[in-house]
Amino acid sequence: MTQNMNEMIERAKTLVEALPYISAFSGKTIVIKYGGNAMNDENTVRTIMQDVAALKIVGVKPILVHGGGPEINSMLSRVHIEPQFSGGLRVTDEKTMEIVQMVLAGKINKNVVSLLNTLGVKAVGLCGKDAGLIKVKKYSPNGTDIGYVGEIVSINEKLLEALTGDYIPVISSIGADEAGVSYNVNADTAAGAIGGAVGAEKLIFLTDIDGIRSKENDPTTLISRISVGEIEDMIESGAIKGGMIPKVRGCIDAIRHGIKSVQIVNGTIPHSILLELFTDSGVGTMVTA
Amino acid sequence: MTQNMNEMIERAKTLVEALPYISAFSGKTIVIKYGGNAMNDENTVRTIMQDVAALKIVGVKPILVHGGGPEINSMLSRVHIEPQFSGGLRVTDEKTMEIVQMVLAGKINKNVVSLLNTLGVKAVGLCGKDAGLIKVKKYSPNGTDIGYVGEIVSINEKLLEALTGDYIPVISSIGADEAGVSYNVNADTAAGAIGGAVGAEKLIFLTDIDGIRSKENDPTTLISRISVGEIEDMIESGAIKGGMIPKVRGCIDAIRHGIKSVQIVNGTIPHSILLELFTDSGVGTMVTA
Amino acid sequence: MTQNMNEMIERAKTLVEALPYISAFSGKTIVIKYGGNAMNDENTVRTIMQDVAALKIVGVKPILVHGGGPEINSMLSRVHIEPQFSGGLRVTDEKTMEIVQMVLAGKINKNVVSLLNTLGVKAVGLCGKDAGLIKVKKYSPNGTDIGYVGEIVSINEKLLEALTGDYIPVISSIGADEAGVSYNVNADTAAGAIGGAVGAEKLIFLTDIDGIRSKENDPTTLISRISVGEIEDMIESGAIKGGMIPKVRGCIDAIRHGIKSVQIVNGTIPHSILLELFTDSGVGTMVTA
Amino acid sequence: MTQNMNEMIERAKTLVEALPYISAFSGKTIVIKYGGNAMNDENTVRTIMQDVAALKIVGVKPILVHGGGPEINSMLSRVHIEPQFSGGLRVTDEKTMEIVQMVLAGKINKNVVSLLNTLGVKAVGLCGKDAGLIKVKKYSPNGTDIGYVGEIVSINEKLLEALTGDYIPVISSIGADEAGVSYNVNADTAAGAIGGAVGAEKLIFLTDIDGIRSKENDPTTLISRISVGEIEDMIESGAIKGGMIPKVRGCIDAIRHGIKSVQIVNGTIPHSILLELFTDSGVGTMVTA
Amino acid sequence: MTQNMNEMIERAKTLVEALPYISAFSGKTIVIKYGGNAMNDENTVRTIMQDVAALKIVGVKPILVHGGGPEINSMLSRVHIEPQFSGGLRVTDEKTMEIVQMVLAGKINKNVVSLLNTLGVKAVGLCGKDAGLIKVKKYSPNGTDIGYVGEIVSINEKLLEALTGDYIPVISSIGADEAGVSYNVNADTAAGAIGGAVGAEKLIFLTDIDGIRSKENDPTTLISRISVGEIEDMIESGAIKGGMIPKVRGCIDAIRHGIKSVQIVNGTIPHSILLELFTDSGVGTMVTA
Amino acid sequence: MTQNMNEMIERAKTLVEALPYISAFSGKTIVIKYGGNAMNDENTVRTIMQDVAALKIVGVKPILVHGGGPEINSMLSRVHIEPQFSGGLRVTDEKTMEIVQMVLAGKINKNVVSLLNTLGVKAVGLCGKDAGLIKVKKYSPNGTDIGYVGEIVSINEKLLEALTGDYIPVISSIGADEAGVSYNVNADTAAGAIGGAVGAEKLIFLTDIDGIRSKENDPTTLISRISVGEIEDMIESGAIKGGMIPKVRGCIDAIRHGIKSVQIVNGTIPHSILLELFTDSGVGTMVTA
């Protein structure tokens, strides 16, 4: 029984530590953006959704925002459309956009919704076209026409505010322009803009890296808390480089939208969301103003 | 000016006649099911949506339910799947269901939503998987396995009740079973079940016929009001037959779900919804208990 | 049926045009002042009250303000009091005031209330003495004592705000001074002051003329919209003159009380209120800031 | 100072005695019917209205109901109409009714309203025609046509309930039939019916007698509390007779309308309402079930 | 009966005079500090509590604050602790403080609560330790350590505001510091600080003197109303001196806490609270800004 | 990092397990009775209060009920009163009761309140005399007069319901009879009656034993869940005996008051309350209907 008692005491410590966090986040909105590799493994997705459902159950108001690269490409290939990219962005002609919308809003979105619904919560699948949620205008980087790629003009957060009390909104990153035409929108950017509009307490980017490291290849140099200014210094000094730059830019944007803190978390660590929110040490890197 | 004055008096009469109806329907929920040929012509769709938006503007709470036969077939053919039918019902294997869901919930649904949003109202696109809206079980007519075709088990109307105050819900007739698996659901049946669950004042079936006629081929024999009992007599006597039978069965089901009246209206007549609701004479056939 | 169909399309157009106006005026307060010749013909009064009741039914909050010249004179003659006027204003001694109050608040007012109540709405008859609705002080134009003629000091709109949700207030233009003594008040002025106090959307002067004309005797020169400044120019140029001047002064006063627009409408045109409010073209002349 | 101290102690006793009554009646509705001789003396009327205002100020919800015999006769004589009576009831032809309505609703009512308004409260003058307050049908005692004399069919208490929070309703005992035609109604009967409809705690008949006496001519035999059954016994035995019978019948009717107690109080005793309500001994006679 | 009638008229006058005060104080918070000799006589305490209960019954929100000198000394002597004083203040070591707390919060407080509860109201006994009601820091006059004597740092009025609707809070003048340690607090000071925090309309000091006199030994020179400035003049001139000085200082402090008026009342006069609040003349001395 | 990762996974498991319990108990009332040896050790008391504060922080509504045997005896001895017992119950004469009340309501109660207040929550100390919380009558077991020992007649839960939203009520087990006289009440019984009255989800008896064992001296036979019927069987069979009998009787009584489950928990195990409520296995014995 002594071993058991030690274990009980550890569990009690975890609870004593967690309860004030649970109380503090209760009633607060947390936007979670997931995508990329975190979406490929069914077990990982299920564990993530268990965390999201658990948050909802203790009164947190989660909002999910998702993209869907790999599945879009797979469907494009089934209808014999060759994906095209320009400067890292998908060139999205009308036929491509039709497939993007169907895959994001018709497949991935509604399947995540169904998964959450089997976990004891109620999710509602939306895209940026619903109730004018994401209003966009055509985005032409440096004047290049890359088709139906949108730049966010405004977020209509009313619908989300009406839903987050009882439901978990799951949002595909598609927007519409004034005429109702669909546009592809970067999911990281959409998550930041939505989080700002709803006054989110926190934005969590679920990725497949552990966070920002001071030395790129040394996992022991993981930074647990960093300011926007420090990130900019690290970019300038070259400590942050390559594929990491767009990720941290997304964090900086979100902070500028007024979100209090942005978290880069490795979605492949089991229950990383709960550990991040409800333990003193947390996991991943927290970016603050 | 006298001609103008006569015209003014006619308009005044129309208003005096309409105002009590407008008041009576204000705050009431009306489910509108549209589909089939009414969806093919862009002008017809736009006129219908103008009516729906106009209803919303004067305080009626419309809910749209749609199917989508022709577009599904076209997409199936693009991915080289041969549509199969058994006893008039689509045999829906897993790959077919994936396409059905993408076309209904990802394409048609979100495009109608966008169209309504350009008309000064706010629409939200849902399918039966959202928030457990349409719970189904597998439907096997006479024991025949026709795949993912669902029979409605329950409707969770909570989400609709939260939305109809400010938004127009637009619903794809897809459901999910307990495990979250998607099923195809007949849109007429879904409209009746939803109308019953939300306590709808009226269900309008927008079709491409004018209503029920006592003599099938004689347009002057259009019946403007008929009871469930009288319909059953006409079916027995053979006065209603063929393709008309499923339509009137849908009406009878809806009445049994507790909807006060069901209206068969020709959606290709411009503004048929407004004329039906807000004039003494109406258009089409009203079915009552 | 084609003729019928054309007629149906005309009616649909009327409805499509009217619905946004109905929605826009719903919940708004509209003050309607009627009096003079519009009160003499029983049919005209009944048609006006039908319009008022119809407004109420679709959610508009009408307030009626009335005067009552001819009936007052008739009653004065029955009790052998000779009406006296000074500068167009009734010289109102104590015995005259007693009759004025009985005729306005005891006869005309309560009879209009009864008429409205038979049309499916609920009206409540008030005068300016009720709940301090119209507080006045003695009005002595150029120092001339013309008896109990009052100048409005303040409006207590609380009672009206409590009533307009469920009832139609019908108000006799009588006021009381600090000591509770009754005074005769000009009904046009009272309507403007009340409209300003309740934040009315619109004030409608029901008269027996069609509105303001640019050429007095040419009905084809009816002006459908005019600003306060333009009216003042027309007075200066002599285009508006004689008995028309007090009417347009009433409009200008009302605009200065903060009412958005004032409408001069010919109450003898059947349903002129509905046509004015719910059609694009309207009838009569709209005066705006 | 000792004399003063004794006086202070008496006042303290009065307060200690009164406070629980004040609390008990606060928020309760009390209908006060006054008329007849109590209306003739200006000082008496003012003292009564001071009591009514005082009640309002401490949270009681008073409703006044009044008749107006003497003033009606005086006005009828001014317009040369000879008052006619049949079996104690005024024969009320159309011309008489017009005068009755003007005097009650246009003169007495509004003047009482003004008096109350000068005492720091807000009163609203109504008659039974307002908002369908008193619906009547023609009353023909024993088949005799006595003109526009009404029998109460129903009370619409909604308007009173909306007003009693902030205002003192003052009600002229006139009613309207289905067609909106005016009828004269007995004020005692109207007070009882109104009290029953609003669930009044108490109905006070302000008269010019002290209450019911066991021996008619002996003031020392005033009965302070009596039941309906005991009154009926006294009528049968002849102890109550003559003009007292209609008064006690009014009390019995009111009790049958569900009012808890009815009070006959001499309105000419200064502040008799306050003394009746807020002292242990009270004044007058209380009638209970 | 005439004698009785005169008495009735006197009582009516008392009521007419009192009702507006009752209305004016209804819903207002009044802090009553009692202590000293007023607590020694059981009859006096009972009469005071009857007044407090009567106030509650007519909607006033009384808060009682009490000290308890004599009973503390008696208990100290039972446990063989010698009371010690320094500069008029009790030197309060730990063992003394334990007794002080038990006597105030455990005996006097709960017994007053019980007494009030037998008078038809509901009282709740609190001390400054409850819900952080009175936060203190150690008070060392001129650097002298006199033990657990506290100086008020803050009042947490939330709990009082939650209770005063339905209950009468009875408060022992004990506070706690940040670490939760108990301190003795002067009851007059506590009453002033609490009254300021809850926005009390009035603070009544129940003492055993009649109020402030312009000539100390001449009861006919009782001042019924005095300003803070005038008191300071009287202190300077020596007209107020000795034991009277701390009492008037308490009044001045309370006024500075924002209480509108402070009343010094002789608690041994029967029903002095009611007479003070509900008569024109009042008793005692009112101190205002 | 792997060791750390294992630890993290354990903590995640604890959280995943706990969150639904936290959600389920949020908003629910839990009565915790503590006393006896659990009150003697300062560290134990502090750990218990940390748990109580933690419950409050995550939305549970705890109510504490306490007794206080040892401290009462110590105070009695200081004032030279010899404790007397009869049949296991304290014989409580008037002087004893005075001390019991001072120690419970004036010392223990307010000190627990202060401790909780330093832990970031707000506690309010009450006894059964406050607001008629515990109404009692004299209890004379088998006719023996044992003085001021009370039997509970009724609980007035209104005050608790008003406080549990924001505060933690801490209740001394003293009651008052109709005349306001104090009585000593058994704390276990009081906790059960209070729990029943407030509709508590659970009652926790914090004791110094681990729970009910099937073999009294074998700690491995701890029963984690038992029904009232099974307890009665064990009493009959002698498996439960001696000092354990009153404890389980208290559980049975509480269940009969309508509390869903009663928990016997060893208060000396650190954080036993949190472990009991928020882990699957729990600690101690749960008694259910």
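Note that the chains take the letters A, B, C, D, E and F in the order they are written out, and that residue 1 is the start of every chain.
Definition applied: contacts are C-beta pairs under 8 Å (C-beta built on N, C-alpha and C of every residue); 3 or more make two chains touch, one makes a residue touch a chain.
All values reported here derive from a predicted model rather than from experimental measurement.
The minimum number of touch steps linking subunit E to subunit F comes to 1.
The distance from the centre of subunit D to the centre of subunit F, each centre being the mean of the chain's C-alpha atoms, comes to 60 Å. Remark: subunit B and subunit E have CA centroids separated by 73 Å (rounded to whole angstrom).
One inter-chain figure worth recording: subunit D and subunit E are separated by 46 Å, centre to centre, where each centre is the mean of the chain's CA atoms. Shown for subunit E are the residues that touch two or more other chains, of which there are none. Circular chain order, beginning with subunit D and continuing to subunit E, reads D, E, F, A, B, C (contacts as defined at the top). Residues of subunit E that touch subunit F in their complex: 75, 78-79, 98, 101-107, 109-111, 113-115, 117-118, 122-127, 129-132, 156, 158-159, 162-163, 166-167, 174, 176, 178-182.
Of all the residues in subunit B, the ones that touch subunit C in their complex are 1, 5, 8-12, 14-16, 18-20, 22-23, 26, 50, 54, 57-59, 219-220, 269-271, 274-275, 278-279, 283.
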